[in-house]
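The following blocks contain the structures, represented as structure tokens.
Paired with chain B in one complex and with chain C in the other, chain A is shared by the two complexes that follow.
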Partner chain A sequence: MKTDILKKLVQNGAIWGFILLQLVFFELAGRYWAGSSTTFIDLDNLLLLLKQSAPIGIIAVGMTIVMVNGNIDLSVGAIYALCGIVLLDSLGWPMMEAMGDGAIPLAMLIALATGCVLGLINGLIVWKTGVDAFIVTLGAMLGYRGLVFMYNGEQPTSNLNWTMVDMAEWGIFGIQTPALVLLFVVLVVWLVMTRTVHGRNAYAIGDNREAAVNAGIRVGPHMLINFAVIGFLAALSAVVFYSGSGSVNPNDGMLFELWAITAVVLGGTKLTGGKGSIIGTLGGVIAIQLLRRGLNHIGADTETVNIVIGTILIVVLLLDRQLNRKASGELKV
Partner chain B sequence: MTGQTPALRLDGIVKDFPGVRALDGVSFTVMPGEVHALMGENGAGKSTLMKVLGGIYQPDAGRIYIAERETRMKGPLEAKANGVMFIHQELSLAQELSVAENIYLGELPRKSFGRVDWPTLYARTDAILEKLRVGFTARTRVGELSIANQQMVEIARALTVDAKAVIFDEPTASLTDAEKVVLFDVIADLKAQGVGIIYISHRMEEIFRITDRISVLRDGEYRGTLDTAQTDETEVTQMMIGRKLDLSRSAATVEPGPVALRVEGLSCGTLFRDATFEVREGEVLGFYGLVGAGRTEIAETLFGLRKPTAGRIFLKGEEVTISSPIDAIRKGISLVPESRKEQGLVLGMNCRDNITLPQVADLTAGPFVADGAEISIYDQYRDRLSIKSPSWRTLVGNLSGGNQQKIVIGKWLSMRPEVLIVDEPTRGIDVGSKSEIHNLLRDLARQGYAVIVISSEMPEVLQCSDRIVAMYNGTIMREFTAEEVTEDSLIQAISGLNSGAAA
Partner chain C sequence: MADTAIKTFGGLLARQGILVAFILFMVGFTLWNPRFIDIDNVFGVIRSSAILGVMALGVTFVVIGGNLDLSVGSMLSFSAIVVLDLHENPAFGPALAIPAMFALTLCLGAINGFLVGYLRLNSLIVTLGMLSAIHGLTLTWSGGQNMDIADQGATWFGVFGRGTALGIPIPVLIFVALAAFLGILLAKTPFGRKVYAVGGNPTAATFSGIPRARVVFLTYLISAFCVAVAGLIQASRTMGAQNTVGQGLELEVLAAVILGGASLLGGSGTIFKTVIGVLILGFIQNGLLLAGLQFYVQFVVTWIIIILAVWLDIATKRGKLWSPIA
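Up next is the complex of A and B:
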């Protein structure tokens, strides 16, 4: 029993322990080794970190529920870029320009709806054809990215709207809009996954699909909802980010899907579904961003960050495997 | 045969898994040139024994002798090196590779720099294929072959080494009659070459056609070996299912109420044919038969997992069609499936969430699931079924088999079904919990549920049921009442010896 509790603590708290370790390490390494004049554990620094985590963090939250459900979505980066274009471009439509700043909420709604629809398309194909989500969303990733390039070729799409910039930089207690949105999304989706019927059924489907079907749960609609949600969140991430930046490069969002999956897996979600937590994913997102900033803080070459993250990911999964190895009779290959 | 060196001898093999002794001192001997049947119901330990022999499991005690030389099998390769070859029920072939590559997988003949020596490979393979008299060549891609021919490729693999013993695990499951004849010829050839053969099958007619001796396992124990020529199906069946019968019924019956479920002429392809039976409120109807007799398939059809090809289903006198599990649940039919862990439980979820899984959509307060309502349902069924779990938060995967089964039963009771179908209620459950589950099923009938119990354990069926339906090979052979049933008549019915009228 005691080992059970310990195991659970290790499993659920590991990512936060890792974050704490990083904080201490970068603070000390910064002070005594790199001779940095600033402190790393500093409120402004950490708030900035949270803000920078937002674009991938919001998507990673969506990735968590899709993965808990036993699927995956590789098209989020392309959805992100496409919805950014929809947001900035729609503001330039004559009808919208006539509305002045009143067009901003409308443009945001259009962008969010676009994300939803793109996600629904993914979900519908996965549900109705039974083709693996990996393949379907891989195709969607290429297709949606193709739409991005069709819009403006290699040229960036720009439309800097200062009202939107103000909205993006608005803040309370120093927490700016992107960080607030991230925290809000984490809270809402956490409630959905832990407290609602949909969340419960999503876990059940991911853990044991056959038992879920036998319990009369309709698998398809739950998958559809989750794909729509991740599409929506990818669009939300785009709205939050491009409101501030005002310019979409056609290559934006590339590899976002892999960073999101990395964060989700670091946060303890199983690739095979049925297990995972939104809070863990938040930890994973923060841990990655912390590594980036931390390595920068101690003056390490920013290029090394990927090597470090890649190594850590494999070590984490290796530890997880050791801790969770099923019956000792498991075949060693 | 005496005086010869046995091809293979097992001596006191013991294998423990957490909480279960899967093999308890199994010993038997296979002589060269003998076809030795290994029989036993599901869970009797046949496959565990084969895994020990194949080096996949290490035995906790006991010895394996090959040609009287003690051998430790550390892995599959070692088994092969010692001349023990397996022909598995499930094919393990690489579909995209040629027949020759599959047969010599891992041991392709080589030339310098690791290049494959194709001419030698094909020549060797064709020589083997010729012996098997098959209609394909070494170069054929395996994916293009019929299942039966793929089976032949598996067999050809066994012929590449100087096999001392070859184990056939349900080899005829996917073969047509003509293909079986070829297979039996191959077995006869191997036999003539002095190879010892272990033949695992549930099909009695094959066993009696080709084997020399029959060894029977039950509950991980070796029950004895019979000379095929001097025994019959009834004796073998009796050995497989055991005689330690405690016929005391665990609870008094009540007068059964109106008919809850009536099935007329229900068929599903070749799985089962023309099944007609009814079950009343307040009674337990037992389904008994050997593995593959079609019992589970009937249950799955009633639960909407299979589409019947003919027949009618009446619930409380009204004809219904059942198109899906959702439909079945809505109409008041629940199924506690055969394999708890694969089909019944979400192991990574806690006890409470598993019990409320089918009805969680109805337990909401505003947008959220109502915790309190869920916990009170859990508490109710924990008390009613005496589920022993530290708390509702405990993950179901950490409970014992008996308590897991009670969770599944509780899940379905909480849906207030009219008809509760329980498939193999005590599989993999320890003896103490077994009788508890049996009492529970009797109790449920007394409370007015119509209960169908499907089992391959005779004592279980006899203890629980008010009436017993005996199945053989997809057909209902006979229906018994609890008063008239005898062990012998039941065994005869499920061995297919009683061609008498279905009741």
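Up next is the complex of A and C:
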């Protein structure tokens, strides 16, 4: 009994322990090894870190619920870019320009709705055709990226609206809008996944689809909802980021899907579905961002970040396998 | 009589649907614009598909073995940067740079193969991690700079990407030769049978005495070898490379392999079908360009074609158009 609790603690708390370890390591290494004059564990620094985690973090939350369902979404980067373009471009429509700042919420709504629709298309195809989500969203990744280019050619889409910039940089207790949105999204989706029927069913479907079907759970609608949610969150991420930056490059968001998956896996979600937590994903997102800033803090080259993250991902997988080997009972060869 | 004819045609469509679609597509486009089937145009398409195609040949082995390889894109950047850098290094020169690059790229493939084959880790996450790590390695090697060959007239290095033999571009020859060799390896040798067995049913394969780990390891080595060949063509064609030259290619390669009909579950697919998949992507791109459309329209068309192709494949196997998901 006691070892069970301990094991659970190790599994759920591992990512937070890792974050703590990183904080201490970078603080000490920064002070004694790299001779940095600034402290790493500094409130402003950590708040900035949370803000920078927001774009990938919001998407990673969506990726978690799709992966809990046993699916995956590779098209989020393209959805992100497309919704960013829709947001900035719609502000320039004559009808919207006439509305002044009143057009901002409307433009945001249009962008969010676009994201929802793109997600719904993926979900509907997965549901109705039975083609694997990996293939469907791999195709959509290309297709949606094509739409991004068709919208405005290879030109960047720019529209810097100072009211929106102010909104993006608004903050309370030093926590700026992107970070607030990230925390809010984590809270809401965590509640949905742990306190509602939809959340429980999503876990059940990912864990054992046949058993879920036999228990009378309708698999399709739950998958559809989760794909719509990740589309919405990819759009939300774009709204949060591009309100501040004001310019979308057609190649923006490339590899976002892979970063999001990395964060989700670090947070303890299983690719096979049925297991995973939103809070863990938040930990994964923070851990990655911490690594980026930390390596920067101790003066390591930016390219080292990629090597370290790749290595950590594989080591985490290896450790996870060693810890859970008994449970999986797989054929040992 | 007519009934059996329809049945035969239906069976043909089910087994060789992608080939039939390819032929219909080619005939349709040729009727619309005869320039499409012009020999120069065909060579041009195959030449520009050669890099993607060579990579797809290797990934086909990995996918049939029941795994994924997402690291091929950043591995391509790595091999191109390394071969160019060593080429410029007086201690190496082109004759030594090429084998050195092959050795290093094969080492990366061996790491993939060791982790997935012998340690039995999930291939998607392992190769995702390797994608990131190899990208970092490439940046470290190049210091973030683009690589260029300074004196392009003084070297024979360009032959792999720019040369021709008997009027046929060298990249096309390499692609065809490698496809023939790997096609025979996969279809006609005991090793090829083992790859199918391991991908189709790993447990049964293990009980039949097939060394699963070694077979998976070798599929990753083949994949890395193909990437090295593709990197050589890429570097030689442009005589220079950016650190991100292969970025995003991993998923395009996978799209070509899937379009050819390989199942992501493993155990099915052939080299010939992958070549068809690569050619379809190449000719769609070319056809749309000839039609005066922008290059990015092909992404949307590819999306629709991939989903339709896989859907029809699944639908014929289960005998129902719509999925049984409740």
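Heads up, the rule we're going with is that the second predicted complex is superposed on the first by the 327 of 333 C-alpha atoms of A that agree within 3 Å, B and C clash if a C-alpha of one lies under 4 Å from a C-alpha of the other, contacts with A are read in each partner's own complex, and residues count from 1 in each chain.
In the analysis below, a residue touches a chain if its C-beta (ideal position, glycine included) is under 8 Å from a C-beta of that chain, and two chains touch if they have at least 3 such contacts.
Note that the structure is predicted; figures quoted are calculated from it, not measured.
When the two structures are aligned on the shared chain, A:Met150 is found in touch with chain C, with no touch to chain B. Comparing chain B with chain C, the partner in contact with more residues of chain A is C.
In the superposed pair of complexes, A:Arg218 makes contact with chain B and with chain C alike. Applying the stated contact rule after C-alpha superposition, one finds that A:Arg195 touches chain B and leaves chain C untouched.
Looking at the shared chain after the overlay, A:Leu236 reaches neither chain B nor chain C. In the superposition on chain A, A:Glu210 makes contact with chain B only, not with chain C.
After overlaying the two complexes on the shared chain, residue contacts for A:Lys275 are found with chain B alone; chain C is out of touch. Judged by the touch definition given at the top, the superposed model places A:Cys83 against neither chain B nor chain C. The contact surfaces that chain B and chain C form on chain A in the two complexes overlap at residues 213, 218, 331. Contacts from chain B toward chain A in the complex involve residues 17-18, 56-57, 303, 305, 325-326, 329-330, 335, 337, 342-349, 353, 357-358, 360-361, 364, 367-369, 390, 398, 411. On the side of chain A, the complex with chain B involves touching residues 1, 4, 191, 195-197, 200-201, 203-204, 207-208, 210-218, 274-275, 327, 329, 331. For chain A in complex with chain C, the touching residues are 74, 125, 127-132, 134-136, 138-147, 149-150, 153, 213, 218-220, 223, 254-255, 258, 261-262, 265, 271, 301-314, 317-318, 321, 330-331, 333. In the complex of the two chains, the chain C residues touching chain A come out as 70, 115, 119-122, 124-126, 128-137, 139-140, 144, 203, 206, 212-213, 247-248, 251-252, 254-255, 258, 264, 294, 296-304, 306-307, 310-311, 314-315, 318, 322-326.
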